[in-house]
Amino acid sequence: MGGPSLNNESMTRPQAQDRAAYAHFSTTTTRWMDNDMYGHVNNVTYYSYFDTAVNTYLIDAGVLDIHAGQVIGLVIETHCNYFAPLSFPKPVEAGIRVAHIGKSSVRYEIGLFEAGEPLSAASGHFIHVYVDRETRRPVHLPEAFVQALTRLQLPA
Amino acid sequence: MGGPSLNNESMTRPQAQDRAAYAHFSTTTTRWMDNDMYGHVNNVTYYSYFDTAVNTYLIDAGVLDIHAGQVIGLVIETHCNYFAPLSFPKPVEAGIRVAHIGKSSVRYEIGLFEAGEPLSAASGHFIHVYVDRETRRPVHLPEAFVQALTRLQLPA
Amino acid sequence: MGGPSLNNESMTRPQAQDRAAYAHFSTTTTRWMDNDMYGHVNNVTYYSYFDTAVNTYLIDAGVLDIHAGQVIGLVIETHCNYFAPLSFPKPVEAGIRVAHIGKSSVRYEIGLFEAGEPLSAASGHFIHVYVDRETRRPVHLPEAFVQALTRLQLPA
Amino acid sequence: MGGPSLNNESMTRPQAQDRAAYAHFSTTTTRWMDNDMYGHVNNVTYYSYFDTAVNTYLIDAGVLDIHAGQVIGLVIETHCNYFAPLSFPKPVEAGIRVAHIGKSSVRYEIGLFEAGEPLSAASGHFIHVYVDRETRRPVHLPEAFVQALTRLQLPA
């Protein structure tokens, strides 16, 4: 849920970001039950938009097969800052970028925008470690995977 | 979802915590649909355990009335590190502590333990700003509320 | 989750329906966590598509204000038959129709279609009773509301 | 969400049931996000209690291995009638019984009770077809499975 301004925090406080901060966008519809008792999308649900935006990109790029692929992504860290509320029935536009590509891990950064808004309602990240589906041990990222990720990196 | 070890990260990497790191515990049951395609509780769902543990404590302490109270908590930041998987049907024990009490904001830290395990499967935090239900402007934390929070602070 | 054929049931067994059986369509995106351990959208989640399709229609028609309207819909009965699996990341097309308009209750019938498919993957219904937001007592359906519902009725 | 009385329906209208109508009980905790904008558990979420109660029974009875077992249950029909609201933070007690055991299908009937209440807040059913995990074709119910189910049947 989006929050009000705090007037007692430092200059390092996280800030909403604009659309140019993200490399790829997709739209997710909201659901009636996304809204909680206080009338806006529950903070938990934002992370399902994160997961969905990144996994959809990887599936569409042909580098992730969630049903049968040998390499799957496990989440080891997630984070989100909430700047403004989102609410059903308005759709959410999710921007993604890749901030770091390791040997077997990737840091994805995500901004969620209410449809048409210039600044993110929430911004966050998650870190995936890619593992073998059976052994659950980290694997080196396949080359095609790295190529798909590289397209999500912004120019420095 | 719990993750494997990474061998390329710094010493500041987040670590699982033991039960003594938390001031209050409650148990939440898991659900069939908490498990995702990879067979463990989805990373998103951990945050619903966070929300539930803290709100239940506040309701039981008599300082939060989610239906009619004038002061409600809005989430402005959430974070979680995942150390080991949780899975339906095993229940989850949630430990909570309060790390910071501001004029109108509170930082809650939460550890999720598989029933009987000594180390947290995940640890994280969220920051609540308490606002007026109608105006959604920050309010000073009521005295009874601060007292309930103080009981969740660990000795330095 | 969609199910296989049973060979020991009567001729009255529910059947998948085609698109002509519904009066209005909308599209909902699926989410990573909609898929359960068996790899398809969990049976529970179908009902969130039902709720979302009907409430979105009513909001768009200008007859339901979920935040401040005096009349809200409470669900007293839900039902669904599952014919074929749905799966993230494919979107779902939800067809709706109104089967019965009472003094204060409405029976909505819904079919969920995988994008592009001619037959419903699932078909079901729910019954809403419209009540006063405060007293939670049934109210007569407002005239504009009845008009919006009438547009969802199919010719006999 | 629970509903108000309707005064224009027939004598065949579904009725709340008492605890003697169920063969086995388990308790599930509710979650903050289970409550929707209208302040009570969303109608969709009741079905996650259904799924959880039945699968937990089968796992505890040693006849269902959701991770590796060769036989899994797919849902082909679900139904629920709502008589009274349930709300976070109160736990829910789920009663289950088996109404029909076919060659490969089972009809489970479930009642959800607010903790301590004599009558069900909701009653419903779902039908599972048991299939081979790989082929997804119906299989004959294993003998141990039938025995576990028989213990959920009430005397006629």
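Lettered A, B, C and D in written order, each chain numbered from 1.
By our rule, a residue touches a chain if its C-beta (ideal position, glycine included) is under 8 Å from a C-beta of that chain, and two chains touch if they have at least 3 such contacts.
Keep in mind that what you see is a predicted model, and the values were worked out from it rather than measured.
Look at the contact of subunit A with subunit B and you find the same residues on each copy: over half of the numbers used there are shared. Between the interfaces A-C and B-C, more contacting C-beta pairs are found at A-C. Centroids built from CA atoms put subunit C at 29 Å from subunit A. Inter-chain centre distance (subunit A to subunit B, centres taken as mean C-alpha positions): 21 Å.
Each chain gets one centre point, the mean of its Cα atoms, and the points for subunit B and subunit C are 34 Å apart. Among the residues of subunit C, those in touch with two or more other chains are 32-33, 35, 37, 39, 42, 44-45, 48, 51, 66-67. Remark: subunit A residues 1-8, 14, 37-38, 42-45, 47-48, 51, 66-67, 72, 74-82, 102-105, 126, 129, 131, 133, 136-138 touch subunit B in the complex. The residues of subunit D lying in touch with subunit A in their complex are 32-33, 35-37, 39, 42, 44-45. On the subunit B side of its complex with subunit D, the touching residues are 27-33, 35, 39, 48-49, 51-52, 55-56, 59-60, 66-67, 88-89.
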